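Presented below are the structures under discussion, each in the form of structure tokens.
There are two complexes below, and they share chain A, which is joined by chain B in the first and by chain C in the second.
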Partner chain A sequence: MPEPGADILVVASREPVALEVWVPLEEAGHRVRTVADGLAAITELKRQLPDVVVAEWEAPGLDGRGLCEAVRGDPELRDTHVIVMTSSARAERAAEALEAGADDYLATPFEQTELLARVRAGRRTSQLRASEARLRALMANVPGAIYRCAPDREWTMELISDEIERISGHPPADFIDSAVRTFASIIHPDDRERVENAVFEACKARRPFVLEYRIQHADGDARWVLERGQLVHGTNGRTWLDGAIFDISARREAEEERRRREAEQARVAELRASRARIIEAADAARRRIERDLHDGAQQRFVAVALQLRHLLSRLQKTAPDAALLLEDALDELQRATDELRELARGIHPALLTERGLVRAVEALISRLPMAAKLHEAPKERLPQPVETALYYVIAESLTNACKHADASAVTVDIGCAQGRAWAVVADDGVGDARMTEGSGLGGLSDRVEALDGRLTVQSPPGRGTTVRAEVACD
Partner chain B sequence: MGSVNETILIVDDHATFRRSARLLLEAEGYRVIGEAEDGRSALSEAESLEPDVVLLDVFLPDLDGFEVASELTGRGLAVVILTSSRDGADFGSLVAESGARGFIPKMQLSGAALDALVGS
Partner chain C sequence: MRLVVAEDSLLLREGLVRLLEEAGFEVVGQAGDADELIRKALAHKPDVAVVDVRMPPTNTDDGLRAALEIRRQAPGVGVLVLSAYVEEAYAHELLADGAAGVGYMLKHRVADLQRFTEAVRRVGEGGSALDPEVITQLMRGNRSPDSALAKLTPRELDTLALMAEGRSNLGIAEQLVVTDRAVEKHVRSIFSKLGLDAVPEDHRRVLAVLRYLRGDSG
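Let's look at the complex of A and B:
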């Protein structure tokens, strides 16, 4: 396959020489520019870099030596492939030319085939240089440290890109041939063995490896890195590890932060659940005590009252004096039963369990010594812990409205939608209520929070008080 | 006592209450013709015994007292008087809505209290 033509700059002061070079190159398909002296050559090089320069050693203005030195001294031109033509009569020129920085020389006179061969070789070199330059640029721009190192326990570096300085705080030169420090020495001591094992195992299995480990930055902090690499076979039987190291500290930190947050959330949820369980257990105990009072003592009192009343109807005819005494006893028993009933209700409102929140709140309102109204209320029953929490909030708020608010009216709203249930008690009284720790309302926030809820009190002075409890309800 | 010979069915899950209520009411002229300890047997007893009055506890182990009351009154089986050891205020409008004639707290139960509601 014929190679596509190369860009060639010919520097020749004498017409015949120029022709001698120019013609065969053009015929071979190359694009040739010609200049007469070294200075013009520099200008032309700067205008557009050719693949190969073919220059006379002896030239007016800037000669071959000057041209070579100028090219090698300019970072932009440095990689240009320069072939110098020297007279075969003066063999020492060749050495001089190479010394001055030429890549190659052609002894004049030369065969066309030799010219073409030298140019072709020169062009390959310059292509190689260009791709090497690209590789270097790539290495410098990849956001990771690219390395080649020996598969030994020190990870002796053959090369490592500049990024390692940003990652580790140490310049790359420190690691080359382990001049200042070994790469192994900056791996976190707790991770060293793991890294070694993982890499050697992957090498043995002829697999690439990917691992994450910590390195110790020069500033003393640990950094997390991700390393990918694999064993490669180089020339003369040597093996290398080629790979790249990326700083993933930010990602790791974000992950750790997320884990911490999740753990914290789980802890909060567990705490809340355990609070809810404790409250549930206490409520269950209260329900049981209320039941026992109701089914036990209270029923006995009722039975006794009925029996006494039975006795009374007889005594009224036969022994009116005794009957009067018995009537007093019945009154006393009535009061005792009322007290017991209030006590039982205080322990747990049985109506709440048996007939639900709305009914229980209606009963509360009917006993209230002030005007109160239940506006909105859900038709369906809510889960028991939800009903209980909302009931206690409403009961306490209604009691407070009577005790402290000097209000003319109080309203209650109960609602439930989209996994939340709430109760709002609002009065038009004096306001300025404070939720104090340990007292009535303050004590209820625990109960509300245990259901992933919030208890809020809005009570601007002179503008009434609104207590709102909202809890999760599913 | 205007209620002499009125027949009555006592429904309550507490045996002591049924016993003392029976003694009291019988002494005051009612004929207690049956007892039931839950809602379902109350309905079947009422059907077969055809009492004039059913004294019905609000809290029953199986059915809700108010439901039993509406069933009984809806079918015209008897006059229903609800009773409970709890405060009547707890039940608000439920008593009236159930079709029951009235409510007597258990502690206040007597032939006279019953007469006052049944006679009205």
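Let's look at the complex of A and C:
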């Protein structure tokens, strides 16, 4: 099978020699450049690396030896395949040439076929070298440890790249031929059996494997690694494992962290939901109690008062003394009815359910013993839990403003936008309010937080108090 | 005077009916829920429907809604709404189309026989009857300084509040312990300050009360 042509640099000071090499090579389909001496050859090599260099051993200026030594000493040129032409009359030259770093030699005079054969072989070697160089570069640059090891329980390493030192804390040489330690010995004891089984199964099924497991770093900590590998069959019947090991501790930690965070968020959400359920249940109970009072005791009081009035109108004619007593009793009953009514209203304002937050707050304000103003209020009704929470915050804040603030004015704002609803109650009183556990305001923060909200109190001494509750509302 | 009485508590309804009949009213229909009330009120066209706010079916403000419905469909039927609480918001809804033939009172006032029957009668005659507590609430709500009401003297405000309760000049005079001539003077002054001089007397009273209740700034 004809191979594609190779790039060849011929170094020959004498025209006939140059021709003798150049012509057959070009005829064979190679691309040939020629230079007259070693120095020119170095310059040309630096300009563009050929597959093969064919050079005279004896030359003026920089001769074959000089050229070989210069090539081998230069890291960029080092891998170039150099064939030296030496006189067959002086056999020792061949040894000298190889000694100086030549890869091969041609004894002059030579047959064309031999020239072509040597060049072809040289080119193959140089290609192999190039691919090895690439592999080395790969091994050095890939962000993981590349390895080749025997398919045994020890993972006896034939080669493993330097990255393993960063991953495990042990130098790669430790693992080569298991010189200091086996690779198996650094796999975390809890993961060892799993890794062994997985690799065994994959090899048996001739599948590549991908594993995540822990290794023990020299510093004593565990590190997470990801390994990809595969059983490889060589030409000579040998088998080995080729693969790469990557440090994924950072990713694992991030995942772990994310899982922890998600679990925490789920816990907080559940807590909030259960708090919301508790508050919702309590609110439902309050609505029920208010209704029971209204339909039960309150109605009965009125009915009894009616009956007593009947009795009174009779007694007034027949027993005026008794009528006076009864009148007192009726007054007392009246006060009891009033108290019961205010109690029921405090337990749950019916208006809140029937006409919504804004009307309920307006009613609250109209019963307040001080001037208060509702500035802004949404036109639509808000979800019941939101209205209830904001109502109690406003009610408590207004009560506080009357009780503690010594204020001349208090304002209320209610708003709702972009999935949030809020209420702000601000007075211009003495300030210095403190939210304390268990008291009026403190008790409301639970209610607000259950709706993914926040209750804040700003109350600089002497500069009024602003209570703000903001909750989720969708 | 013909009445329909709507109240879901049987005990109370019986008591109310007996009381009203003893006071000389004719109770032509009784209702235990809002639908029955509307049906009977529209059928009997009574002078007054006495209505409890909280009634079935939902036991919230069904009675109030029914009262508004009756006013819309049969403007000649007066409504006297009774409630365990009086709410400014409900007062505004009831008074939206005028105070004539409208009453709104705390339920337990029914035990004050004279006051209650008086209220029923006033509503039946096309007047109004508002609970003093409603008035107090509305008054508190109307403190805005740019209101035309701000021009009224305290005495005129008292007079207007009593007008809102539905009282006649004579009734107001008794309550304020002044002569009815003095009340007439206050009333004239109120009409003039509210810009109602040109309006006929009956209408004027209602408008003044309405303006007062709504806290109009005009």
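Note that the second predicted complex is superposed on the first by the 330 of 474 C-alpha atoms of A that agree within 3 Å, B and C clash if a C-alpha of one lies under 4 Å from a C-alpha of the other, contacts with A are read in each partner's own complex, and residues count from 1 in each chain.
Following the convention adopted for this analysis, a residue touches a chain if its C-beta (ideal position, glycine included) is under 8 Å from a C-beta of that chain, and two chains touch if they have at least 3 such contacts.
Because the structure is predicted, anything quoted here is derived from the model rather than measured.
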item: Chain C versus chain B on the shared chain A, clash or fit after superposition; value: clash
item: Which of chain B and chain C A:Ala371 touches, first, second, both or neither; value: second
item: Partner touching more residues of chain A, whether chain B or chain C; value: C
item: Partner chain in contact with A:Ala350 - chain B first, chain C second, else both or neither; value: both
item: Touched partner set for A:Ala303, first chain B, second chain C, both or neither; value: both
item: Partner chain in contact with A:Phe200 - chain B first, chain C second, else both or neither; value: neither
item: First, second, both or neither for A:Arg291, with chain B first and chain C second; value: second
item: Partner chain in contact with A:Phe110 - chain B first, chain C second, else both or neither; value: neither
item: First (chain B), second (chain C), both or neither touched by A:Arg314; value: first
item: Contacts on chain A seen with chain B and repeated with chain C across the two complexes; value: 294-295, 298-303, 305-307, 309-310, 313, 333-334, 337, 341, 350-351, 354, 359, 362-363, 366-367
item: Residue numbers on chain B that touch chain A, as the complex places them; value: 14, 16-17, 19-21, 23-24, 27-28, 59, 85-87, 89-92, 94, 106-111
item: For the chain A and chain B complex, residues of the former touching the latter; value: 294-295, 298-303, 305-307, 309-310, 313-314, 333-334, 337, 341, 350-351, 354, 359, 362-363, 366-367
item: In the complex with chain C, residue positions of chain A that touch it; value: 291, 294-295, 298-303, 305-310, 313, 330, 333-334, 337-338, 341, 344-345, 350-351, 353-355, 359, 362-363, 365-368, 371
item: Chain A-facing residues of chain C, complex; value: 9, 11-12, 15-16, 18-19, 54, 59-61, 84-85, 87-90, 107-108, 110-113, 137-138, 140-141, 143
